[in-house]
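Contents: one structure, followed by commentary.
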Amino acid sequence: MREFQVSVGGRVYNVRVPKEGDTLLVDGRDCKAALVRVHGNLYSLKLDSRSYDLHVRPDDGRFLVLVEGSEYEVWVEDKSRPRRPASVLRSKEHKAFEIKSPMPGLVSSLKVAPGARVSHGAPLLTLEAMKMENEIRSPRGGVVSEILVRSGQSVEKDDVLVRLRL
Amino acid sequence: MREFQVSVGGRVYNVRVPKEGDTLLVDGRDCKAALVRVHGNLYSLKLDSRSYDLHVRPDDGRFLVLVEGSEYEVWVEDKSRPRRPASVLRSKEHKAFEIKSPMPGLVSSLKVAPGARVSHGAPLLTLEAMKMENEIRSPRGGVVSEILVRSGQSVEKDDVLVRLRL
Amino acid sequence: MQSHRIQKVLVANRGEIALRIIRTCEEMGIRTVAVYSEADRTALHVRRASEAYEIGPPAPLESYLAMDKIIQVAKAAKCDAVHPGYGFLSESPDFARRVEKSGLLFIGPTARSIRALGDKLRARDIVSRAGVPVVPGSTEPIRDLSHARQIAAEFGYPVLLKAVGGGGGRGMRIVKEEKELGQALREATAETRSAFGDPRVYIEKYLRHPRHIEVQILGDSYDNVIHLGERECSIQRRFQKMIEESPSTFIDDVLRAEIGSAAVRAAKASRYRSAGTVEFLVDEDKKYYFLEVNTRIQVEHPVTEMRTGLDIVEEQLRIASGESIRWKQEEISPRGHSIECRIYAEDADEGFLPSVGKIAYLRPAQGNGIRIDSALEMGTEITSYYDALISKVVSWGIDRAQAISRMDRALREYLIAGIKTTIPFCLYVINHKAFRNGEYDTGFVQEFSKRNHQTTAADDGRLIAAISGVLVAGEAKEAPILTGGSQIKDGWSGWKTKRIEQEYH
Amino acid sequence: MQSHRIQKVLVANRGEIALRIIRTCEEMGIRTVAVYSEADRTALHVRRASEAYEIGPPAPLESYLAMDKIIQVAKAAKCDAVHPGYGFLSESPDFARRVEKSGLLFIGPTARSIRALGDKLRARDIVSRAGVPVVPGSTEPIRDLSHARQIAAEFGYPVLLKAVGGGGGRGMRIVKEEKELGQALREATAETRSAFGDPRVYIEKYLRHPRHIEVQILGDSYDNVIHLGERECSIQRRFQKMIEESPSTFIDDVLRAEIGSAAVRAAKASRYRSAGTVEFLVDEDKKYYFLEVNTRIQVEHPVTEMRTGLDIVEEQLRIASGESIRWKQEEISPRGHSIECRIYAEDADEGFLPSVGKIAYLRPAQGNGIRIDSALEMGTEITSYYDALISKVVSWGIDRAQAISRMDRALREYLIAGIKTTIPFCLYVINHKAFRNGEYDTGFVQEFSKRNHQTTAADDGRLIAAISGVLVAGEAKEAPILTGGSQIKDGWSGWKTKRIEQEYH
C-alpha cells in the first residue's frame, strides 16, 4: 500500500494505492480506477465503469490535467517515501509559491504590497494583454513575500510576478 | 550545389540544391521551394507560391510522403557524396528489393515462381485479409529471386513475402 | 405495446456507427453501455460511452458476435435496450429474439421481420404479393447444377447467383455464359455457407447498367410506415457501396413518388418496425425492381439526415420505446443535395488492397456543409480484424453542384497519415465527368479498375514528394548536408505565382 | 455595374474567418491569396490558400492592418477582389476606397456606406428617417462634461456613453448616476480615440434588461435587399457576444416580421450592398430599437447558414461580382434552430483571463448537426497578438431543445489541451435554467461573474484530476512506485456501475 497526498484547486485528497488490484482508497473510500494511455499525453481513466478522457501534461513539478474541458493543477506527494528530503514539489507547493504571468502583457497596476496577507481569489495586479485589462488573482491564500514587477513593466509568459509565503 | 537522385513511384528526379537561396534545379528546371515544419511530421511545402500540406515519415531508409491524400515512397540518394560506400538506401533500392506484406493475413495462392521476370504491377500472390481476397502486385519490375511464403501460410504485417533482383 | 422511456442502451457494435449511436443517446439523455474486444481498449466508442465492458478477444466471433456475453453485460449493467448498429449481429433474427426474451428492447425490427426479410426468396415473395415488381428470377433455391442451367436458360444470360440467407454482396456471382455456371455455383455456395451458415443460392436475371436506388423507411409498432426519400448508391465495388447521394439524378419526381410508395407498400407487407431500407434496381428504361430490404440502420443513412433534418437513430429509439411515428409523410420535405464518400483503409491504386497501421496524423475536414462520422483519433490502430471502413465524409449543398464542390474541398482538407485510404479514389470519382454529369451506373468502379487508372495526378504528386524527400532528408541528418540552411527554414517569402504544372507537364 | 466573374481573391484576415472564406472560394473554383504576419507562418489559412505571402511583423499595424502592403500583394498576385473578413480592415471606409481605386473589387459594402454607417450618429439619423425606431439618445457628439450632464439629465440615468466612430463595445461605458459621468467620459473618450482614431462619444438611454436581436441582410448593387432572419445575441460579456442563437425565443412571428422589414428598410435607406447585420435592442415590453449596422460578415453568421442553407460568403462573392440577389424574400425558409458557442482562449473562472500557449492536443467534436469553424491544429500557438476567439461551435437541431442537446454533446466531445478555453463556461451557460428556458438578457454573464460562480462541477473534476495525477505520477517515474503494476495497465475490466458522484458528493 502506497500513500499519496494530492492537492487540486485548494482541495487535498489522501490516496492509497494497493500493491495489487485496481481499487484505490480515496479519503478512506473504495474507488476502482484504471488508467490507460491512448496516445501521447492523452489518457483514458476508467473510474468504476465510467470513462473519462484526460490530457495530462507534466509541468514544472505539477500536472496540468484536462478533465471535461477544465484544466486542473495537480500536485502529488508520495507519503510512502518519507525518508527522502523534501522534494521540489513539496517545497513549491508547501513553502513558497510563485505566481507566474499567464501571458505576455504589460503590468498596468499593482493591488498588493509585500507583507500583505491575501486569500484565495484576491486581486494581485492587473495586466494589459489582448486589448483587455486582466486581473491576476491569487490562486491560494498566503502572505506576499516579494513582488517582482512594477507598474508599466512588460512581462513575458511564465515570468514570476509575485511570491507568496504559505 | 549538392546533387540528389530521388526515386518516387518508378520516376527518377535529379534535384540540385544550391548553397544559398530557395531555388532548386529539378531535372534542370528552376523550382522555388521552401519547407517548414508545422508540428511533428507535418510539414508545409511552399513551391513557388503554392503551399502543400505534407506528412513525411522516415521509414526503413525511405520516406513515406502523404501528398493530397496519396502516399508516395521516396528514396533519396545524395550524389554529392560519391566516396561513401554504397548506402543501405542504395542497396535496398538498387540491388535487391523486398516486397513486404501490407497487412496480416493468409497467403491463399502464389502467382509467380523463383526466376520469373515480373513487370511493374504484375500479380505475385493473393492474400486473404479483412474478409477479402487481395492481390499483391509487384511495385516494380525485376526478377523474382526468392519466395519466402507458401500457400496457406499466415503472415504478419511487414513480413517479407518475395525478393526481387532489380 | 406500452410506451417505455429508454434509460440505458447497450451498443453492440464498434467504430463509427457505435460512436454515432452513442452521440444521439447522449443528446437524448440516455445512458450508454459500450462493449469492446481486447483490440478496442482505447477506441473512441469505449471512451465516449457512459460505461464500457470488455467482452473478449479481437476475433468478432468471440466478442462483437458473442450474443451470450453481450446480453449478459446488458442485463448486468441494467440496460433496457440494445442497439445492434449495422453488420455484426444487426440482421440476426436469433439475436433480436434473444434480446427481447431477456426482457430488453431490440432497437430494430421484430425478429420475425428480420427472419422473413433475411430469407431473400421469402422477401421477394412478400413484396411481389404487395404489388411491387421484383427482379425476374427463381422462386426457389437452386437444387443442383442442372437445375441452375434450366433456370438460367429460362431468363437468359447473364444471370446472377445470389445467397438466399443474406445480402450485402456476399456469395454473389455474375455468370455471363453457361460454361461459367458450374464453378460460379460452387464458389457462391461455399461463400454463402461461410457467410450466413446457409448454402442456399438462387438465380436472378442480371440487369445491364442498372442504377442502385434505395428508399429509407420508418415503421412503428402500429403499422404506420413513412419514407424519407431515396438514395442513389450506384458507385459500388464488388457490390460494396462506395459513394451514395440523394436525391438520385436518374429519376424524376413521378418515378420518385412511385418508388417511395412501393417501398412503403413493401414495408407494410412485412409489418416493418424501426428504420429500414428498401433497395431497388432501376434499369436503362427506368423500370424499377425490388432487390432486398436491409433491416437495420444503413451506413449511408447520414445523406438522408442531411436532407430531411431528422435523426434516424433518434427515430429508432423513439419507435423502440413504443412511440408512434412523429411525422406525417407530407411533413417530410428534404432540402438540397447530399453526398457520402466512404473512406476505406485501402489502396485503390493497388486493387483496393487493405492497409493496416497506426493513424500517424489526423486532421478532419470541417466547415460549412460537411459532416464527418468516424471513430478515428491520432494513434488509433487500424487492424485487419474488422471492416476497413474508417470514416464517412458527408456533404450537403443547396444543389448537387455545391454538394460535390464541398465534398471535393473536404476531401482535400482531410489528412489521414499512417495508412493508405480511398480519399484519392473518392476525389477521382467525384471529379470524373461521368459522375459530374450524373451518368454512372453500378459498373463504374469496375471500369475504373479494368482501365488500371491511377487515382492520383501522379506527376505532380511525385514531384512534390521528391522535393520534400530531399528537403526532409537534409534536415533529418544531424550534420546538415544542405549548407546555407535555407531549404528548411522557419518561413517563406516569394512572389512567383506560376503553377508547377505549367513547368513540368 | 457589369457582372465580372471573380477569379482570385485576396483574404485580408487570419484565423477561422480567413479559413472559412478560403473554403467557400475553393468550393466556387476561385483561387485565393493569403497574407500573413511572421507569427502566422504555419497557420492553417496560409496553408489552405492557393498562394500565400508574408507581409510583416506580428503586430497588426504592421501586417493585417497594413493597407499598402495588402493592396500591393493583391495587385502583384493578380487578384481581382479583396475579402476583409471581420475585424482588422473590414469596417475601414479608407481601405474599401483604396481597394476599389486600385481596380480591385471590395467584397463588402461601398466605402460610402461603410463611412455613413460607421458614424453611429449618422447611422441613427439615416435609419430613423426611414421610420425605424432608434434607442433614445443625443443627435450630436458630446462637447464637454456640462453638455454630457445636460443630455444625461434629459434622458435620465442610467445612460450609456458610446463611440461615434465605431461599434463592437469599444469605448462604451454605462453611467448609473451623475457623479460617475466625469470619469466615464474621460475613459470613453480615451478608449474611443485609441480604438477608432476619433474621440467623439455620444449618449444613449441605457435600456434595462434588453435583448440583443439582430437581422442578417443581403443587398446587391441594384437596390434589392432581403433578410435571412434574426439572431439573438444576448449572452454577452463587456458587449462582446459569447453565445448566439436563431430564432430568438423572445419574439413572436409578428414581431419577427416587423423587425425583419425594419432591417430591410434600414439597409435600403443606406443603399446597402453585400452581407450586413442590422442590430436591435428589444426591451422588456418588446419594443425594438435600432442599435447599429455591422457592415461586414459577422462572427455569428453560421447560425443563419445552418437554418437557411445559404452560404453567406458565397452570396457576398456573387454580389461583389455584379450579380443580383438570387433569392426572393419568400424563398428564404429557415429550418429548425441553431446555436453558436464562441470558444475563447480565456479562463472564465479567473475573470476571463486570456490564456496563451501551444495547442498540445486537439480533438474536434464531430457528427450530426455540428459544425466547427476554427483554424486550430495541433501545435498551433495561441499568442497575445490577436483576438482570443479560437473556435466556433455551431449546432443545428430540428428544435431548440435538440440544438442545445447537440451543443452540450459537442462541447463535451471537443478536446483542446494546452490552453484554457471557455468550453466549461459555455457548458455552464447552455445547461443553466435561465438559458434552457430562453429567459436571459444581456446581463446574464455579468450576473455570472458577480456571483463568482465556478463553471466546473468542481468536486467531481478535482477528484478525477487527483486520481489521474497519482496514476500518471506512478507511470512517469522510471522505477514504478506503484508495484503490482495494475494501476497503469493496458486495459480495464470491471463490473461496478455506481457513479462516483454518489460516493463523493
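The letters A, B, C and D name the chains in turn, as written, and every chain counts its residues from 1.
The criterion applied here is as follows: a residue touches a chain if its C-beta (ideal position, glycine included) is under 8 Å from a C-beta of that chain, and two chains touch if they have at least 3 such contacts.
Computed from a predicted model, the values in this text were never measured in an experiment.
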Touching chain A and also chain D, the following chains: C
Chain pair with the higher count of C-beta pairs in contact (A-C, B-C): B-C
Longest centre-to-centre distance from chain C, chain (CA-based): A
Between chain B and chain C, centroid-to-centroid distance (C-alpha), Å: 32
Approximate Å spacing (C-alpha centroids) for the pair chain A, chain B: 48
CA centroid of chain C to CA centroid of chain D, Å: 38
Residue list for chain D, restricted to those that touch at least two other chains: 41, 51-53, 77, 363, 377-378, 412, 490-492, 494-495, 497
Set of chain A residues in contact with two or more other chains: 36-37, 40, 42, 46, 49-50, 52-53
Residues of chain D touching chain B in the complex: 41-42, 46-47, 49-53, 77, 377-379
Complex contact set, residues of chain D against chain A: 347, 349-357, 360-361, 363, 383-384, 386-388, 411-412, 414-415, 417-418, 420-421, 423-424, 427, 452, 455-459, 461-476, 481-484, 486-492, 494-500, 503-504
Footprint of chain D on chain A - complex, ascending: 2, 4, 6, 8-9, 11, 13, 15, 17-22, 24, 26, 29, 31-37, 40-43, 45-50, 52-58, 63, 65-72, 74-76, 78, 80-81, 102-105, 121, 129-130, 132, 134-137, 157
Partner chain D, residues of chain C touching it in the complex: 19-20, 23-24, 26-29, 38, 41, 48, 51-54, 76-78, 302, 305, 309-311, 335-336, 363-364, 366-374, 377-378, 398, 402, 405-406, 408-409, 412-413, 490-495, 497
Chain A - residues contacting chain C, complex: 36-40, 42, 44, 46, 49-53
